[in-house]
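Chain naming follows the written order as A, B, C, D, E and F, and within any one chain the residues start at number 1.
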Amino acid sequence: MRARELNWMHVEEYLVREDRVVLPLGSTEQHGHLSLETDNILAERVSAEAAEPLGVLVLPVVPYGLTPSFAAYPGSPSLRLATYVALLRDLLDSLYGQGFRRFLLVNGHGGNLPAGALAREWAGEHPEAQAIFHSWWSSDRVLATAREIDPRPSHANWFENFPWTRLAGVELPEEPKPALDQGAYRVAGPAEVRELLGDGVFEGAYELPDEQVERVWQTGVEEVRELLEDGWR
Amino acid sequence: MRARELNWMHVEEYLVREDRVVLPLGSTEQHGHLSLETDNILAERVSAEAAEPLGVLVLPVVPYGLTPSFAAYPGSPSLRLATYVALLRDLLDSLYGQGFRRFLLVNGHGGNLPAGALAREWAGEHPEAQAIFHSWWSSDRVLATAREIDPRPSHANWFENFPWTRLAGVELPEEPKPALDQGAYRVAGPAEVRELLGDGVFEGAYELPDEQVERVWQTGVEEVRELLEDGWR
Amino acid sequence: MRARELNWMHVEEYLVREDRVVLPLGSTEQHGHLSLETDNILAERVSAEAAEPLGVLVLPVVPYGLTPSFAAYPGSPSLRLATYVALLRDLLDSLYGQGFRRFLLVNGHGGNLPAGALAREWAGEHPEAQAIFHSWWSSDRVLATAREIDPRPSHANWFENFPWTRLAGVELPEEPKPALDQGAYRVAGPAEVRELLGDGVFEGAYELPDEQVERVWQTGVEEVRELLEDGWR
Amino acid sequence: MRARELNWMHVEEYLVREDRVVLPLGSTEQHGHLSLETDNILAERVSAEAAEPLGVLVLPVVPYGLTPSFAAYPGSPSLRLATYVALLRDLLDSLYGQGFRRFLLVNGHGGNLPAGALAREWAGEHPEAQAIFHSWWSSDRVLATAREIDPRPSHANWFENFPWTRLAGVELPEEPKPALDQGAYRVAGPAEVRELLGDGVFEGAYELPDEQVERVWQTGVEEVRELLEDGWR
Amino acid sequence: MRARELNWMHVEEYLVREDRVVLPLGSTEQHGHLSLETDNILAERVSAEAAEPLGVLVLPVVPYGLTPSFAAYPGSPSLRLATYVALLRDLLDSLYGQGFRRFLLVNGHGGNLPAGALAREWAGEHPEAQAIFHSWWSSDRVLATAREIDPRPSHANWFENFPWTRLAGVELPEEPKPALDQGAYRVAGPAEVRELLGDGVFEGAYELPDEQVERVWQTGVEEVRELLEDGWR
Amino acid sequence: MRARELNWMHVEEYLVREDRVVLPLGSTEQHGHLSLETDNILAERVSAEAAEPLGVLVLPVVPYGLTPSFAAYPGSPSLRLATYVALLRDLLDSLYGQGFRRFLLVNGHGGNLPAGALAREWAGEHPEAQAIFHSWWSSDRVLATAREIDPRPSHANWFENFPWTRLAGVELPEEPKPALDQGAYRVAGPAEVRELLGDGVFEGAYELPDEQVERVWQTGVEEVRELLEDGWR
């Protein structure tokens, strides 16, 4: 149930029986040959599909996140960490004031991890609320499913290449990308990141058959749904 | 040209010849019987339609804004002013660092006006950049067009009721809403705002024929397009 | 009743029967040939004259505001938006803690408009308080009175030229200034603003007979007084 | 030379030959039987008298400062420390951008001492600028002069009781106030401060003959003038 | 080489030939039966032992971090995320200004992970600097070594129980603690965390023979040393 | 009783009967020929010795403070004032939430004085708490004792030269340093401070016999102890 398809009266009715809400967290940033909005699309869509049968409200994705390392890739605006933390705090405060109590932050971008620390901090100040931060693609379960298919699911490779993130008319390299030098990446500034990554993909195959990535996707959707159903205290 | 349909290589090519970008500003909030995302939809769509023939890049709408007065309407999360200002500053800084120089902030929500002050402040610190803040619906030109149709274009009434903001299955009152008591609104807190507005619409007719609102829309699109073409120094 | 003429015992007595207070908001900045303190003088004076017969307390004007566009005119210090918002929030919090409940912010400077958003935000968090932000010179009523006299009341022209803002020994141009190019102004940075405005006056006549500007003044004073009396909920 | 009596052209001419400026720092707060604006009046006036023969520019006093300990005395609004620091930083940044290089902050209120730390911090970041923080009343020299007259010059007693801070029609106690219990004051919250201080005066005589306080005043004015002349590197 | 044993002249000489520095990050917080300063001790000590043979400077540990989840355990003060980020930014800025260019942040506390995001952000703004964030105990290598010894190295259990973190006279439970319910922990507020953890240990054995934990320790020291030597670009 | 030697169960027992806590405030910075951690060492040690016989808890010293004036001396990292204030506020808030009510901030560094203003501000918001800020070395009593020994106790001279702050193998100048030019120091930026101070010592003898400095030390310890015992309301 997306906010886009509701008016406030619907939400008021909803809050009579329900206090859960999903806030997807994305980032507009380089994803190699894929859409700049890959993280936004995936976080919002996995949330919506998971929430659909439960009738849980999904808010609009926060489309800007923490991606300073991709600064040399145009089209990758980044928030400062301090701002991002304030943004999430305000949203939680405000939604809490309107009656929501259980918040699932479904994250689509690795750089956004500090949002998990903020969720902990915020929840610590609101004993009646619960806030779960969940990076949908990096759970043990989703990664296990992915690794059954291919050993290197990663940023902007086949692992994020879905019918809804790839771009019409963009051809992909056929050969998998060599493994990322993690040590070099750890200490790379934006210029070195670009030099290291080139087209922006970390490593591995650029594309796999849809029925394979679809299995990963379904695992992700199911896990978010289970969290929504059973993840609370 | 929406970011969603591009990858970073597209943007890199774009920046060779171009330095303009549109950032739509919205708000998820009560719009009476219309979608909670009305401001997001309108700001993003007016931007996209205006930019399309010019090939100018349109970023994802910032879907959360300043709407403390609607706090008593569930589904209306609000940022604090200090956070909103930091958010916009970060986006401008970051995009500037990636080569953009002319920023058009297309605003869809009255409460976001301080973004205009921020744009002034930020541009003052970046002599090579230009930043225009434009509330698409409240310009003299759009309001003049609207008032030819009906004297009271306003929040959540016919003036924001487009095929793309109205909700399936939601019936609208047939009688226009009585005029808003501006004096009472000025001093109303969230509880009084809700008491005063009831269904959230400020005043006037709930719906007018599509061909009439379409005229308003076209005026808005054209004005944004002209700003994009000729609004710069 | 100005704070300057009171001690705390007076205020304590005052608070037994009263909970209103006026906070004038100014800006130290270029006003063409007029005093750098024009906005401070006008905001404070209009407040004091309005409040006098009602016995309402008027605090010292906040003499620094938001004026980044005048950065190329020396003598125009500006606060950052984030700071200004914090400043007003602290004053409201602190005065609230001392018993005040109804706040009238009488603004003398166009750039300070975000103070209105802050007043909304703050009041939304304090259901027992009321905060009105009023730009004394730009209300429909004052502008209507002004336009009966001359069609272009504006920054630093006759509209702000009172016996108490003009400077001894400063001669004014006799010819009215040509109309401001609003489009150019919208996108002007500080250097362009200075180039565009030259002496700092926006447009129109530099001076009109005192009995005419006095009519504008009286309208402003009366409106502030009425707000103080009847503007509350 | 006060900003009030100048326009920006005057300041532009001034900056051709001069780069000094005085920023008086005050506080609106309880001063026993004296004006709530005592600190504002004294900081601004001592600055103006000192600067007058030198032709140095004096800006409007910052009329709100750090006075949390007087929260139980109505009419004593306080800024948070973080806000005050941001406010002073913005003013210094902004004035620096307009050509000023030597800043004398003339402070009238004990609680504002952190402004001195900010001045140090800010100056450390601007090697070409100099910023002196000077509490005019608490220098060795002024206190020595005062103590020749009476051993306990202090907050709101004779030491701040000048023809320009006392209020018409307010009678003062004839007996000096007993010595302040410094140990109790150190650990007092606002309620205990009020209980401890009663009328708000710290200790000592309420009033002394004008020719005596005038000696203190002249010492203060002279010292500020000497700083303006010879205090720089 | 610890700062404690140096004066500034030593550091000045050091900077002639060297630009590396280690900043250990700790947290004062519950560690079950172990010292409240366990994270401080370990982060500082692993840094010092690693840096010793290289002659690299180790700064004093930052002894307060992000630990909101342990709020119900007295003696566990926590910084807000926004503050922590500002603190680290200031230290990096300031040290950079004094000539350091390669920063190794050796972290001892899981809650401090956002420091890694800050290091990325800060380094992105300083192309000539490098900043590595390294949680010494949670690297693949250290965890692998630990799991060879016991499958559940974790907070406050044997994995942090060293001769230098255990307290004299404190007896430890002999039986290992049952496995932590990760799902419950994820959504636990401070009160639930305390209920869930009881004595504060997550799970597993409380103590193992020193020669075993010493192997873990040596692995940690070696890895930090290798990073200091070869981790840079 | 140092936090290092306790676990949380000890603190929980402590809080049953006690609500006092000591937070030492230091600074890592140039101290002439003495340890960069001189302020940390002294603040923590004077606290520990004072608290020992009373059984009061002493937290780890905050080892970074406000020292922008020493920026030209490597090894002197400084926090911004705004950050420092936030840091102390968080610690006080957090410790208050865990049951502490009486806070003694024992300060070892002159530049940290704004911490006193923060303590006042914070305590004003927490009527049930008490917060004392005490610069152990600059009290009337300690300075009087010191001046009986030598007229110029000062930064980094004999007055801070204890067996626990001096460095092995570092020779000190035998001649006392000439008096500091206070006027020059007041207006000095970091470069001028370094030029003015040379080796970083302000003035006076570099070293005095241990039995003499020990008298100063004992006075400092006793005064802190008395504050801990009798300084509260």
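The working rule: a contact is a pair of C-beta atoms (placed from the backbone, for glycine too) under 8 Å apart; a residue touches a chain by one contact, two chains touch by 3 or more.
Worth saying up front: this structure is predicted, and the values here are computed from it rather than measured.
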item: Partner chains shared by chain D and chain F (touch criterion as defined above); value: none
item: Interface copy of B-C among D-F, A-B or E-F, judged by whether over half of the contact pairs recur; value: D-F
item: Proportion of interface numbers common to chain A and chain B (over half same, under half different); value: same
item: Whole-Å separation of chain centres (CA-atom averages), chain B against chain E; value: 46
item: Gap in Å, rounded to a whole number, between the CA centres of chain E and chain C; value: 54
item: Centroid spacing, where centroids are CA-atom means, of chain C and chain D in whole angstrom; value: 26
item: Junction residues of chain D, two or more chains touched; value: 71, 78, 80, 82, 86
item: Overall pattern in which the protein chains touch one another (line/ring/star/complete/other); value: ring
item: Complete ring sequence of chains beginning with chain B, oriented so that chain C follows; value: B, C, D, F, E, A
item: Residues on chain F engaged by chain D in the complex (per definition of touch); value: 66, 68-69, 71, 78, 80-82, 85-86, 111, 113-114, 117-118, 120-121, 123-127, 129-130, 132, 183-184, 186-192, 231-233
item: Parts of chain E lying in touch with chain F, wherever the complex brings them together; value: 3-12, 14-15, 28, 30-37, 40-41, 57, 59-64, 71, 73-80, 82-83, 86-87, 89-91, 94-95, 97-99, 167-168, 170, 199-200
